[in-house]
Amino acid sequence: MQQTSMVALEQRLQKLEALEQIQQLKHRYLNACDRKDVEEMRACFAPGPILIDYGAIGVFHDRDSFLELYTRLACQPNVIDLHHGANPEIVLESATEARGRWALYYFNVDAQTGLTRQLGGQYEDRYRLTEAGWRIIETRSRIHSTVEGHSLSTPSQ
Amino acid sequence: MQQTSMVALEQRLQKLEALEQIQQLKHRYLNACDRKDVEEMRACFAPGPILIDYGAIGVFHDRDSFLELYTRLACQPNVIDLHHGANPEIVLESATEARGRWALYYFNVDAQTGLTRQLGGQYEDRYRLTEAGWRIIETRSRIHSTVEGHSLSTPSQ
Amino acid sequence: MQQTSMVALEQRLQKLEALEQIQQLKHRYLNACDRKDVEEMRACFAPGPILIDYGAIGVFHDRDSFLELYTRLACQPNVIDLHHGANPEIVLESATEARGRWALYYFNVDAQTGLTRQLGGQYEDRYRLTEAGWRIIETRSRIHSTVEGHSLSTPSQ
């Protein structure tokens, strides 16, 4: 096996590492949404101009304007959210650029009223390798289904 | 480190790449089901004789006969589906054969009536490495739980 | 490329293999819960003193005392469960120790009454590499949301 083969091996390894890091980035973001850890959410996006297109929630061109709205809407004691990612399809476009499609299961229950809302949809994302690691530079969600209900018992947090 | 070690490293790398590709194959299939992209679904199965055993939906021995039924049943404007895979357990049996177990969360809402149906179950799959990449050659779903309901509001797509 | 680089390549490969094995361990555990395969669940935990803190279900210091309760509560014909893991964030702390955070989607339907209960929460786990492979040595679940309902039709298993 020659020098070139070893370089090739390392490039293949780097690709797998990048796929792992990008999936973990999105998982960290979704878990932070559920835990309402706004600083952890912020660290998942690149600083500077990005695109966050969350449909009816709004379109944002930097992370801070999105997180300001998120804090106002979601960081309330009665808002209990689940954001579960499924079916990730990550494609590396270069050593520093990638795109990803994810299915989203979102579930919200209002702890005061017991009203529930379930959304199903897909994310289309772009990621970039920055000095601080992979970051989200573009994320668009499209909701396929919306179902409302109510819990038969008092929800608990 | 000798020649043999480098070959061993590459074999270990190939296994991880195969696991990644097989998971992405199933994710691509499930996302295509949600987007009703029948051509993308078709490309996830091997051409030629395969086994698709979806229980009450039917048993099919080639991809085209399944996709014909799927198109008739699911590709309707009022049918809104979520197919989310969870808990993948992929086992490589050789360099070109693998099997996998997945949990399935399926949710359907009828956009006209608001009736909902949630299924939980497991897939047992077999995959083969073809010239075009890893493909599904056998998939059997078993449904554990079926729950029906209705949305309190008009569902939207 | 020198000797040291090859060692470094193998260490990076080992990390990816460990991440894959730990995720598959948890997936195997969750699927075994759904299939009520108590022996497979047992093999996912390390023997000897461990911590299983499942909140309202109880706190256990060895796998057998947890599985005894689990068998009594869950291994009943009318209990149909889904345990779907999402958003895994696995961090390797050494070659033999790791921790992980997961989101949990749990859904139960009583096959006799049609009553349903959906839980959303997060697991915080610790894993150890034993002679038999990676095993769970600590798992704590925290439930964020609890929603109860009922199926409009008779559930089926």
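Letters A, B and C name the chains as they come in the text, with residue numbers starting at 1 for each one.
Throughout what follows, contacts are C-beta pairs under 8 Å (C-beta built on N, C-alpha and C of every residue); 3 or more make two chains touch, one makes a residue touch a chain.
Please read all numbers here as calculations on a predicted model, not as lab measurements.
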item	value
Chain contact graph, described as a line, ring, star, complete graph or other shape	complete
Same vs different contact residues, chain A with chain B, by half of numbers used	different
Centre-of-Cα separation between chain B and chain A, whole angstrom	23
Sequence positions of chain A contacting 2 or more other chains	6, 9, 13, 16, 84, 86, 105, 149
Contact set on chain B toward chain A in their complex	3, 6-7, 9-10, 13, 16-17, 20, 24, 26-28, 30-31, 34-35, 80-86, 105, 107, 109, 114, 116, 149, 151-153, 155-157
Parts of chain A lying in touch with chain B, wherever the complex brings them together	1, 5-6, 9, 12-13, 16, 19, 84, 86-90, 101, 103, 105, 118, 120, 122, 143-150
